[in-house]
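You will see two complexes here that share chain A, one where it goes with chain B and one where it goes with chain C.
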Partner chain A sequence: MSIFEVKGLSVNFTTINGEVKAVNNVSFNIAKGETVAIVGESGSGKSQTVLAALGLLAENGHATGSVKFEGQELLGLEIKNLNKIRGNKISMVFQDPMTSLNPFLRISDQMVEVLTLHKGMNKKAATAEAIRMLDAVRLPDASQVITRFPHELSGGMRQRVMIAIALSCEPQILIADEPTTALDVTVQAQMLELFKGLTKDFGTSLILITHDLGVVAGIADRMMVMYAGKMVEKGNVDETFYSPKNPYTFGLLHSTPHIDDPEKRLEPIDGLPPSLENLPSGCAFHPRCAYSMERCLIEEPKLIVEKNGRSNACFYKGKLGDKESSE
Partner chain B sequence: MFIFILKRIGIAIPTLLVLIVFSFVIMKSAPGGPFTSERPLPAQVLLNLEIKYGLDKPYHEQLINYVVDIVTKFDFGPSFRYKDRSVNDIIAQGFPITLTYGIWSFVLAVSVGVSLGIVAAIKHNSWIDYTAVGFSISAQVLPNFVMAPILVIIFTLTLGWLPGGGWNGGQWQYLVMPVIALSTSYMASIARITRSSMLEVLNSNFIRTAKAKGLSNTQIIFKHALKPALLPVITYLGPAFVGMITGSVVIDMYFSTGGIGQMFVSSALNRDYSVIMGITILMGFLTIMFNLVVDILYAWIDPKIRY
Partner chain C sequence: MVFKSKKIAKMADNMAAQGMGKSHSLWSDARRRFFKNKAAVVSLIILSLIIIFAFAAPYFTPWNNEEIDWAILGSVAQDGKPSFTTKHYFGADPLGRDLFARVAQGSQISLMVGIIGAGIAVIVGTLYGAIAGYFGGRLDNIMMRLVDILMSIPYMFVLILLLVVFGRSIEMLFVGLGLISWLDMSRIVRGQTMVLRNKEFIEAAIAGGLNRFTIITRHIIPNLLGIVIVYASLLVPLMILTESFISFLGLGVQEPNTSWGALISEGAGQVLYGTLWQLGFPLFFFVTALFSFFFIGDGLRDALDPKDR
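Entry: the complex of A and B
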């Protein structure tokens, strides 16, 4: 039973150079308790997809399609009603913990406001609960930390505070937008452990946005790969890692270093991600794709459901990896 | 914090001394003197006058005597132009007037300017925003020497509601036009600064976090956005406040309020050395004090600033 359904979601931005399609007809479902990763390069539209769902797009952006949470349509929902859901049933952890907390307010103020708003707690109860949440995200000295200002905390501590805020109303869905990107590697690992444990303890569904495939392998059940605003491959993590179907996914996996084969040369994907203002014709990936055919220049491949619930948007049906070895 | 304030006051004293020396030198290097007039005075009379006011002594001695009198007796000397009146008297008479309409102008400029800026930022790219921007641009390009006559034409000559000038103990009828004329351009600047800084804050990551928490717009603006948005405004308010309470020459002259701005200009024209010096020191002192107030407000608002 899926609690979060995205159908035909598109996000457009009005810019001086005209309309830019940041997200193009994306659909997916999230089941209860599931961890799903959205993977893609910068600018692939992965963040905009979830921001659109919560009505957090920048002023010049607008979303079309449908985003349903527990059957309720979120797009176009009145702000008053949307505010009952966000921060409460769906909450979000942002990429940059350095700028995502208000530098002018104490941690206590920023934590308590969520609890008083959504849980109707008084200030005292909310403070106690906030301290308990800080303990839950394994911040030492929680009762001390809560009286501090954000600039007095390290990046890792701030991200823990962000996570504590996001989890304080025990949301059904936690959206984490590159939660570990701004942190150093050891802290990254701690954060992932934290996510793993917390989603299990709270039964929360986790939507994890990342470009780090190591993170995906570590905690996600399913993964979705986005390229230039479109979903190009969906499937469970193990199968997708073992046998990617889309040449782009294949390229991503082969441009990641492997610890068990350090001698192996990395194979970067040639070229750069396309500009969204000026997308290539047909399949947006064709200029960088080793398998592109004439058809790819003209026609856009659709995301087609294959067996085991895996989907792929590509015309090439042969085995991946052969081309490189034959060259 | 306390040490910081003490230090700043400590720095203020040499700053004021430099100000005194500098204005003294500039004044003395300008040709003419307080007793220069179209019909030259007999040499003996001039000499007697100069002896009376100590102007016959060498410059450095005059300067030292001046500073010593201020420090020991808080005496800014006699006016050279108005006999029997000291600089202290002149400032005590003119400054309360300027202070009164200056404070009203400040209150009006800040309250209207800040609210206008906030509303414009919240309703970015709406007709309210365009009206606010339009108002602040026109108010800023309209100098007060144009503004004052326009007000007089409307309220005095056409409608006959308000007196065209004078002070009369600061009754409200006499205050309205000077306050409007003085505050509009400040109001416009404050609105512009507030709007742009509010817009910047509203686009920041922590406001996105606040939205993602499900907070209402009112909570977001007043709890999360207002403090950071007001920081640049406060920077501007320090000097603006001093500018307003020390008055504007144009306002004083046009509405004959008898404020300090008028005296400043006439004393400069008359080479009334001690009055020029007195008002300069007053303005310098106020500027230093209100910059200090701004710094203290900064520390109060921004937790990252601790002295």
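Entry: the complex of A and C
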């Protein structure tokens, strides 16, 4: 069923201060047509997880474990073969649309490039296809826009172009790395609608990397929460939102403003995310956790599968939210 | 009110029409900025005139650069003055040859040296630097250390040695200039490439499955062109200067061919005999061309400066 399988993926970076574990033993599957969100604070390793899968790690990084796409192992795959997959079967939309397009090439050149490469189209057919894709991402006046240079388009238009490029080869998997972070709220909403519609139309699986829980609630089927390079909770969005099992997920949800309860004070998670070079012992979250026990200092909680496909990595089994008053 | 709202609607239509007007590339913006720079435009015109002179002048004089005017030989200082009656518009050189034809021929050689020298630098230096900068790591280390080694060799010494050992020919001069001219260029390009490599659009290109060669040629190099063009426009006068220096020493261009440097050298040797035109005309062309190149380079830098974008 699942077309994308990640098993025991770890990403290490060699730095002057020694090895840094950016991603630690992460596993997940993605089924066809599914939208999965990876959520976490900055530096939690959510981006590195997918960058590793596409061979886009920085030079000092290396990945171990297994990433399989349609049964084919991607880690350690020759660049030549990897290039047949990335951009074609798995494509990516980057965070900042302002810098993700080459400023010296017309939109048409940048779109045609991918199509001629992967689909073997000639320039004319590729241009027609590119215009069709720009229409698909609801960019008005596509035949005009395609002749423009990136600096002549707005941020939202550029992001639509990026999405059009990513979707132009009708990939099985679309990876969106914080696709709405650099956009203003109204455009964000449009983008999310667009993603929702496109994954439906094209049957594409979407991996959405974000720190914006509002985005997750809007379009994802399942969500995975990462903290300090580890997966701490996994589950379908509705259940995870309404009854988070992990104190970190709980903290995240409670530090997000809710429109229907404006009086409520936000409860930020105390402290800062730990430095990956110097992780706390046991559970990496214990210094900031209101529910930490003796055991959390010594032992690392494992991600345990619970009912309904939910998983949680925490020793605390009680109800969350009880201890709010004691802080 | 009705009248006014109609007018406003019309204005809005006009504005919308203008908004989706002609598409401007970064190049056309740069061109517009360049042509706003008066000094650069004037320099461009002067330089064009010099180039036209270099190639057209031989058709306007009965003399060629090799012919000796036997009538004035021996009394060049008196009879070889610039004049229209003898048809020596720029006078004659110490051997009684027509300076007008020789300056034109010298201009051809000097400009060719400058442009070919800079051309080699642009092609070799850009590719070399882009490859080193893009791949990084060990390859970069090896490639750039090689550049360091070549740079540490006193090039004037090597150039003179080359010309002495392999004979003084213009081909050898090109080889010698070509060997050294690309070094600085490759360093500049490499540094710039390393900055570009971390840009998101390069990452996007990699994620799009483009191979490394395509990424370098289609995505890195167009972004480098601004800097390359500016540096090349400053390299042209540098090449001309180097050639002139070599020719001044008597090692560069050989008779009957000549260049600005050779002509200046010749003229400078005769100054004491009062034949100032023999120094003045080549020097005028030399200085004017160099000034033009520098102003054009300056204009290009202002026009292509990324900070203005």
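For this structure, a couple of remarks:
Assume the second predicted complex is superposed on the first by the 324 of 327 C-alpha atoms of A that agree within 3 Å, B and C clash if a C-alpha of one lies under 4 Å from a C-alpha of the other, contacts with A are read in each partner's own complex, and residues count from 1 in each chain.
We adopt the following convention: a residue touches a chain if its C-beta (ideal position, glycine included) is under 8 Å from a C-beta of that chain, and two chains touch if they have at least 3 such contacts.
Since this is a predicted model, take the numbers as computed values, not measurements.
With chain A as the common reference, chain B cannot sit beside chain C without a clash. Contacts of A:131 after superposition on the shared chain: neither chain B nor chain C is touched.
By the touch criterion defined above, A:54 reaches both chain B and chain C. Once the two complexes are laid over each other on the shared chain, residue contacts for A:99 go to chain B and to chain C alike.
When the two structures are aligned on the shared chain, A:84 is found in touch with chain B and with chain C. Once the two complexes are overlaid on the shared chain, A:114 sits against chain B and chain C alike.
When the shared chain is aligned, chain C comes close enough to touch A:144, but chain B does not. When the two complexes are superposed on chain A, the residues of chain A that touch both chain B and chain C are 54, 56, 59, 79-80, 82-88, 91-92, 94, 96, 99-106, 113-114, 117-118, 149, 151, 162, 165.
Residues of chain A touching chain C in their complex: 54, 56, 59, 79-80, 82-88, 91-92, 94-96, 99-106, 113-114, 117-118, 141, 144, 147-149, 151-152, 162, 165. Only residues 54-56, 58-59, 79-80, 82-88, 91-92, 94, 96, 99-106, 109, 113-114, 117-118, 149, 151, 162, 165 of chain A touch chain B when the two sit together in their complex. Across the complex, chain A is touched by residues 20, 23-27, 136-137, 199-201, 203-212, 214, 218-219, 222-223, 225, 309 of chain C. Only residues 124-125, 203-206, 208-217, 219, 223-224, 227-228, 301-304 of chain B touch chain A when the two sit together in their complex.
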